[in-house]
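By letter and in written order, the chains are A, B, C, D and E; residue numbering begins at 1 in each of them.
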Amino acid sequence: MLKRIPLPSQFDRIIISGGITVGAIGLPLGIVLVALVAFGVISAPEMVFFVAAFIVILGALGCVLLPNIVHAALSLTATLIGVAALYLLLMSEFLALVQVLVYGGGVVLLLLFGLMMTNAQDDPVVTDGSQKPFAFLLVSLLIGTFITLLLAGDWGNPTAHVVPFELFGERLFREFAVPIIIVAVLLDVAITGALVNVHTASSDLPEESE
Amino acid sequence: MTDIFGQTLNLNYVLLLPEIVLLIFSMLVIGIDAFKRQLNISGNVPVGLALAGLVVALTLSILQVNMDEDFARLIQVDSFTSFFRILFIAITLVLIVGSHEYIEKSVSHVGEFYGLLLLATVGAMLMASARELLTAYLAIELLSFSLYIAVSLARSDRRSGEASLKYVLLGGVASASLLYGLSMIYGVTGATQYHEISAVLSAGDTGLTTPLLLGLVLIIVGLGFKASAVPFHMWTPDAYEGAPIPVTAFLSATSKAATIALFLRWFGGPLLPIASDWQFILSGVAVATMVVGNLVALQQVNIKRLLAYSSIGQMGYMLMAIVAVGSGFGSDATSAVLVHLAGYIITNLLVFISVTHFFNQTGQEEITSFKGLAQSNPYLALMITAGLFSLAGMPLLVGFFTKFILFQAVVSAGHLGLVTVAVVASTVSLYYYLMVVRQMYLYEPEDGTEQWRLSLTGYVTTLALFVSLVVFGLWGTPLYAAADAAAAGMF
Amino acid sequence: MTENDGYFLIALIVLPLLSAVSLMIIPSKERALIVGLTAISSLVMFFVSIYVFMAYSFDGSTFQGVMSYPWVENVGLLGENGISLKVGIDGVTASLVLLTGIVVLPGTWVSWKIQHRLKDFFILFYILTAGVYGVFVLLDLFFWFLAYETALLPMYLLIAVWGSTRKEYGAMKLMMMLMAGSIPIFVAIFALFAEVGLGTFDMEVLLSASKDEHFQKIFFPLVVIGCGTLGAMFPFHSWSPDGHAAAPTAVSMVHAGVLMKVGAFGVVRLGVQMMPEGALFWGPALVALGITAALYGAISALRQTDMKMLMGFSSISHMGYVFVGLGTMNVIGMTGAVLQMTAHGLMTALFFLLIGAMYDQSHNRDLPNFSGLAKQMPIWSVFFVFASLASLGLPGLSGFIAEVHIFIGAFRSYPIVGGLAVLTAAITTTYLMRALAQAFFGEANPKWDSLNEMTWIERSGAAVLVGAILLLGLWPSPWIDRIAPSLSQIPGLMM
Amino acid sequence: MIPIEYFLTLGAILFGLGLFGVLSRRSAILILMAIELMLAGVSINFIAFASYLDTDAFSGLIFALFVITVAAAEVGLALGIVLRLFRERRTSNVDEASDMRW
Amino acid sequence: MPDISVTIGMQQAWLLPAMPVVAFLIISFFRKLLPREGDFLAIIGMLGILLVTLFIIIDFQGFFHDGEFHPGEANVYAFDWVRISADNFLFLIEFSTYIDAISVVMLIAISIVGLMVAIYSMGYMQGEDRYGWYFAVLSLFVAAMLLLVTSGSLVWMYLAWEGVGLASYLLIGHYWERQSAAEAAKKAFITTRIGDVGLLIGIILLWKATGSFDIQTIIAAATSGQIGETYLTIAMLALFAGAVGKSAQFPLHVWLPDAMEGPTPASALIHAATMVVAGVYLIARFSPVYEVVLVARDVILYTGLLTAFLAATMGLVTSDIKRVLAFSTISQLGFMFVALGVGAVGAAMFHVLTHAFFKALLFLGSGSVIHATGRQEVEYLGGLRHKQPVTAATFIIGSLALAGIPIFAGFWSKDEILHAVSGYASPFVYIVLAGTALLTAIYTTRLVLLTFFGSPRDRSAFDHAHESPSSMTGPLLLLGLLATVSGFFVFDAVGELFGFSGGIGYLVYLHHPHAFHIDWAFASIATVSSLTGVIIGWVYWHGGAERAIKARTWSPDLHALLVNRYYLDELYQGIVNKVVLGLAGIVAWFDKKIINETGVDGGAQFIGYFGYRLKFLQTGKIPNYALGIATGILVLSVMVLARA
């Protein structure tokens, strides 16, 4: 099964296309941002935010638009790492770490394995559904509405604060003991579920009609 | 113990004993089942263990009926919680007793299945008892995860996996929506504790009305998905059809009841101060649910899909009552919802267990396959008829009483229009229930169909449910009193 | 009526239910036992009904034999006496209870010849009976509505399993229309409870509580539409011909004889008594609908050939009189309406009994197929002619005394309507006489030589009804003396 | 400093894009990814609120932590189901998993 | 006999209907067990009635003195039938009897003719199926008729009014195996019922104005001017509509000729002597009120006139012996209404009495002929005077009375009517009425000639014929006597002979104490015109009736018009078929298509169709389902956005 997946060429293409993208769009944008920071129009954290946001959105777009599934998965990684950067901006290193480890490391790998095991690469029908244009329209409206609603609120002018690591841990394990237990059970359920479904005895499966 | 702010935390684990017992037993069931070949034990051990756990948990819950205490400000064990604990445990108990033959015959991974049922029960119980958003969210996920898997466990049925996939993917979208909504609530109030949220919201204008509204919308979407409210209901018929029948029953009973419990906890608690903001959203959803659920049910040919749409319609009535909760009739409306919920669950269990036994015998689930049941098994036909009539709110059965109380509460809260829609929808529903009744009573059975009997446990469970159906239908006082006490605990 | 007579009212509900439960226990093979049990219980109900009617005293108190057991109270939105099992009758219900007793007795008798699942039939039949009695004697709105729906519920299976001619269609249509009819009643009950706001469904309390005039004007029409559907009021009558055509004999009898009166009674109790100001406001509309129904039913009946369809439309017409009477909002007209309920109940039950007696043999009800039936079934024909005469309002029979009250009541307020109502009586004559001339007289058709005369059971049943028709027609005072004083207590009513 | 609205807007956009992915994709796994996007948007919200508005209690952070955990678990669970489906039908195209309808 | 009158008299008037009712009940339930199917019970009942009537008349004498009638306690209160009372309000329907001169005239006619017919029927109906049932219904009829004429309450009168209609229906349909009989019964019932609509409306209108059903109270109120004139006119016209139906006046006369399908004795009693004059009785009873509403009186007058004339013309060409008599009955009833229309109540009632005797006689005579020959078409009869001398003689007596030949009863009463009319403003009325009398004489003569004279045209029928048994001829003879002499009753001297202080004339002439007076000029004109009629009849129909056949060819159209009864039956049938049934068809169609199929079934199908469309939203595809969720989110957020 594994030999069917042309890993090297994929990565080549990703690197090339990624490089071109960053070069063609990212560079001018970066220059503009640096200039803006230099002239004091925006602060340095803002510049970082914009860069991270740019990566996040671009990655998200890639994830939902790219026809190639592996590309999409890799775009997702970009997004998730960009999100982790945002977490850093929000002063929560711990969560940024978790994000990178769990998502970038665990989940994406899991998804990639899933993709491989389902032969998604070779499946020509796995593209976008017919309702894509309508979905695009709908989601644009939705995002617009969401943002309108969000920005209509008076959020004041707060600033971000660092949460001390020990406090975080103390609160988590002292007050939120029950959620942790629940999550433990939850993970147990998830494992059970995955096992049950993946390990379904062949006798339990219906005869495949090919 | 104290928290980081120096406030005392009540860590009295006795409060959580029923849940803990169920967790332990579920692990035991799963564990023992995994090694049953090595341990060389009979197949009856998992079910025995599961029942034992349920009985113990039920006993403990009953012992805690009069308690009103919180656990680490996350879980509130009050009469409302007790009501739902007892309800949920009873549901699982009845389901397992009533349909264990089916489970052993038509479910793969029996041990895991029982374990998952217990875990789902725990999730449902926590949903009813949570007093903090995160706990509530995790409880929802615990219930949902267990059900995602349970749905996929029908042996030799391609539909099972498909149902599970639909359920899990759409469930993911819904819980993302729910979370987004919760984040808005959190952002606006800065709290996850119900009472703190309530305090902030009742204190007056936060200047963040629109984000709050967005949050409300998404919470209603998220919970509406679990409650199968239109237009978030579309997974329901498919999941119901694909799942093993006891799981379908569980979906229609525990899952729905837990969602309603959460609705009540949230909309009757922290979100009550802004009732006018969510009432109109919920009314719209409720109306759509009642109408679509009952209309589409008219056209169904599969009994499980029919019951799915019927339960969608039923959820519409309850959502409507939750609108009434916001109109200053909180306690009355809540107790009415609880009465109706209990009645609906008793009825639904009767129907589903009967259908389970029918499926055991015939392997059919088309409505037309019920042809002549009144002659091949008059007892079962009577049970199904009673159940369906009760669902339609026909008199002498519990459905009539509970619907009467429910609708009355909504009208008393000033929502006559909603009730009018509900009554019309409930009349429409009678038609499709009669379609089933018609098959059973009007037609002769297929040639060669012999008279057959249920198993002993089948008789016991159905009869018990039938008796409560009639008794509560004619004398609803115990039900209503319990619901009233439960509602009083919440308000 | 003494204090303890309330037990008899409770007995009226419990007896049929008890019979139904006992029947469930009896094995269906024991036909003799089933027949015996039903014979006894129907007779007991008959005599208890008579006793209740007789025991009702004229002293003019509104409700007599009142007994109340708290059922659900002080929980949720229910206050003191929230839901109570409360019984009691006034003059109107006294006469309707009697009607029920009279109709159920022959209804039971003629059902004994059913071969197919006799036991199940009687179980459902007695549940229906319990519901009907319940509607008449219960004084708690919750139980009232419970009884109302209980009376409708068995109808579906009774018609669909034991019926004839398009039975599934007829049964489903009847069921759905009647259930749809209960929608506005349901809504009105809720609104009434909320409007009074005393946390109780006690009808006595609700009757005496003050209700906003605006409220009454909104909800009175709902009650009329809802109950009117069961009372076959135009244009909600469509179930009646099809339903009656499809129903088995006893069910037709009870349905047309009693259940339709439940609908009209609902208009009296929930509508006129509960919301007199609304009734005053909507009275003209009720009269207009009633007279439309009367004319409409009668004219439609001219073209019917199926005997039961004919009776269905005839019932629409006669129930139209009832609504005219109720809409007049004066005591004479309303008394007439209640009398008409009784009169029509007896007469139409007799009709359906007779049609059933013939249909069971011939399996044909189409009038043009028959001729000279009086030759083959003379006694049956005599009964039929008698029923027709009662139906067309021949003086001395029950229909006349009721109709004349309605006409007078109508003339007091709406002379034109009164005139049309009298004209309707002439149209009624026409279609009945046409039917008689066509099917009963003339040369006997040898095709039906095999038809036998009615059995003795059927004759006795018919005789009971004939006796009641004559009694009411010739000596109506016992009824009027009970009905009129009860009705005259409705506030705002013209005398 | 960066205004909180920036993060909220970004969260909304991520949520919306994730939803778009769910709506427009046919592969079960891509849909799962899209759901992850939505959850990422939610997490941004939570953490932004926690560090801007709820600095003392920072419940949002804990919330986000659990969200990430649950999301990961969900992926595992869902993948199991997708694999099962694939074994049954040789496809992970959700449009083909439509035996049950109407 | 004053002692007996204390115990039986007007107070016991309720006995009159009670006795035949008992007879009816016993016969109808136990006729299979009784000897002769219980016919004797009917006879006993009739005898009892005659007896009670006698006592009542004796009792009644007491109210006559000083040439005036003093009712006293004639209005006998019996009991409350229906009573609804409340403050300031009383709705009362009482049962009461009221006897006055009009009632007494009717009682005499009913009791005598009833008894005669009952006795006659024993012979006539001998050996028929349903022999006992016939007598039961006859008793029922007599009971209802007596109740009708003695009731003091309009409701009870209406009850009796419908009761006689019922008895009439049952007797017309007595031979229901004949489709024509069934149709005739139906027609009679429906037609009279249409008139009864008016009667009931009139009763209710009068109640509404006066608050009472008591006839005397109503009359008192109406004559004292309590009721508005227009209102009263409408009410009285409505009452008259009832009379038109029951007394077979134009345009509701069509049922009476067909009613001859019934047994002949029943026709004699019901459709000649008693029931059909109920309308006359009703109008006479209310005559004081009609004095007030002259418009209504004119309507009565012209209706009667038209009916009298039309019926007479139809009688000229009819071949069925009974139908000729039926037309003559209609015509004579027209005479009575004309009398009522000019206010001559006494003349009308006098004619009621004489007509009862001679018309019953004629009917019974024709019954005797039919009984003997089995035929009733005059074309097939002839020369029967040889075979049936008694019948022929009595029939001729009756005919002479009908034709208005002096000394016979009809002469006096008809002359009285003509006399009354002559005083009326328009001579046109008199001329038409006199012409009608002439026509009467013609068709009467025709009937007698064709039946009893000439040569027999149906040999077998003639050979078969024989004189009827004595049970039949006896009543014929008695009635023949009465038809001859009853006209003399109007003379005071005759009355004195019978013990009436003021003479029976006072009785018959009610509150017109000037009573009977004969104007010889008018009498001679009437006599001449009657004789002329007889002569014309003789000329045309004696022997072979060739002239009559020739006359028929003189104007076939006219003949056809008359034979077809002015095509009124066809017209009515057409109205019923086209208009009424057409309307019924439209309504039935509306009910079936619009209300049922479009409204009810269509509504149900619409709901079902809605569900059918909705269910296809359920495509089974996850992205579509998610789209549902997304749409839901969008719609709800836009909703809140719009609200915020």
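Going forward, a residue touches a chain if its C-beta (ideal position, glycine included) is under 8 Å from a C-beta of that chain, and two chains touch if they have at least 3 such contacts.
Keep in mind that this is a model prediction, so the values were computed, not measured.
Colleague: By that same contact rule, can you tell me which chains touch subunit A and subunit B alike?
Modeller: Both-contact set = D, E.
Colleague: What is the set of chains touching both subunit B and subunit C?
Modeller: Touching subunit B as well as subunit C, we find E.
Colleague: Compute the centre of every chain as the mean of its C-alpha atoms, then state which one is farthest from the centre of subunit D.
Modeller: Between subunit D and every other chain, the largest centroid distance is to E.
Colleague: Please identify which chain has its centre, taken as the mean of its CA atoms, farthest from the centre of subunit A.
Modeller: E
Colleague: List the centre-to-centre spacing of subunit B and subunit D in whole Å, with centres computed as mean CA coordinates.
Modeller: A distance of 26 Å separates the two centres.
Colleague: How far is the middle of subunit A from the middle of subunit D, if each middle is the mean of its Cα atoms, in Å?
Modeller: Once rounded, the distance between the two centres reads 8 Å.
Colleague: Where the centres are mean C-alpha positions, what is the separation of subunit B from subunit E, in Å?
Modeller: So the centroids are 78 Å from each other.
Colleague: Calculate how many whole Å lie between the centre of subunit A and the centre of subunit C, each centre taken as the average of the chain's C-alpha atoms.
Modeller: Going by mean C-alpha positions, subunit A sits 71 Å from subunit C.
Colleague: Quick one: which residues in subunit D touch 2 or more of the other chains?
Modeller: 8, 15, 18-19, 22-26, 28, 31-32, 48, 53, 57, 62, 66, 70, 73-74, 77, 81-82, 84, 88-89, 94-95, 97-102
Colleague: Residues of subunit A that contact two or more other chains, please.
Modeller: Subunit A, residues with two or more chain partners: 129, 131, 135, 138-139, 142, 146, 148-150, 152, 155, 167, 171, 176, 179, 183, 186, 189-190, 193, 196-197, 200, 205-206.
Colleague: Quick check: what residues of subunit E touch more than one other chain, meaning two or more?
Modeller: Residues 604, 615, 618, 620-624, 626-627, 630-631, 633, 637, 640-641, 644.
Colleague: Who touches whom among the chains?
Modeller: Pairs flagged as touching, ordered by label: A-B, A-D, A-E, B-C, B-D, B-E, C-E, D-E.
Colleague: Okay, in this complex, where on subunit B does subunit D touch?
Modeller: So the residues of subunit B touching subunit D come out as 5, 133-134, 137-138, 141, 145, 148-149, 152, 158-159, 161-166, 168-169, 172-173, 175-177, 179-180, 182-184, 186-187, 190-192, 237-238, 241-242, 299.
Colleague: In the complex, go through subunit A and note every residue touching subunit B.
Modeller: Touching subunit B from subunit A are residues 146, 148-150, 152-156, 167, 170-171, 174-179, 182-183, 185-186, 188-190, 192-193, 196-197, 200-201, 204-206.
Colleague: Can you list the subunit A residues touching subunit D in their complex?
Modeller: Contacts found on subunit A: 43, 45-46, 49, 53, 56-57, 60-61, 63-64, 69, 72-73, 76, 79-80, 83, 86-87, 89-92, 94-95, 98-99, 102-103, 106-107, 110-111, 113-115, 117-120, 123, 125-129, 131-132, 135-136, 138-140, 142-143, 146-147, 150-151, 155, 157-163, 167-168, 171-172, 176, 179, 183, 186-187, 189-191, 193-198, 200, 205-206, 208, 210.
Colleague: Which residues of subunit D touch subunit B in their complex?
Modeller: 8, 11, 15, 18-19, 22, 28, 31-32, 35, 38-39, 41-42, 45-46, 48-49, 53-54, 56-57, 59-60, 62-63, 66-67, 70, 73-74, 77-78, 81-82, 84-85, 88-89, 94, 97-102
Colleague: Any idea which subunit E residues touch subunit C in the complex?
Modeller: Residues 80-84, 86, 88-89, 91, 155, 158-163, 166, 173, 176-179, 181-183, 185-186, 189-190, 193-194, 196-197, 200-201, 204-205, 207-208, 580-581, 583-585, 587-588, 591, 595-596, 599-601, 604.
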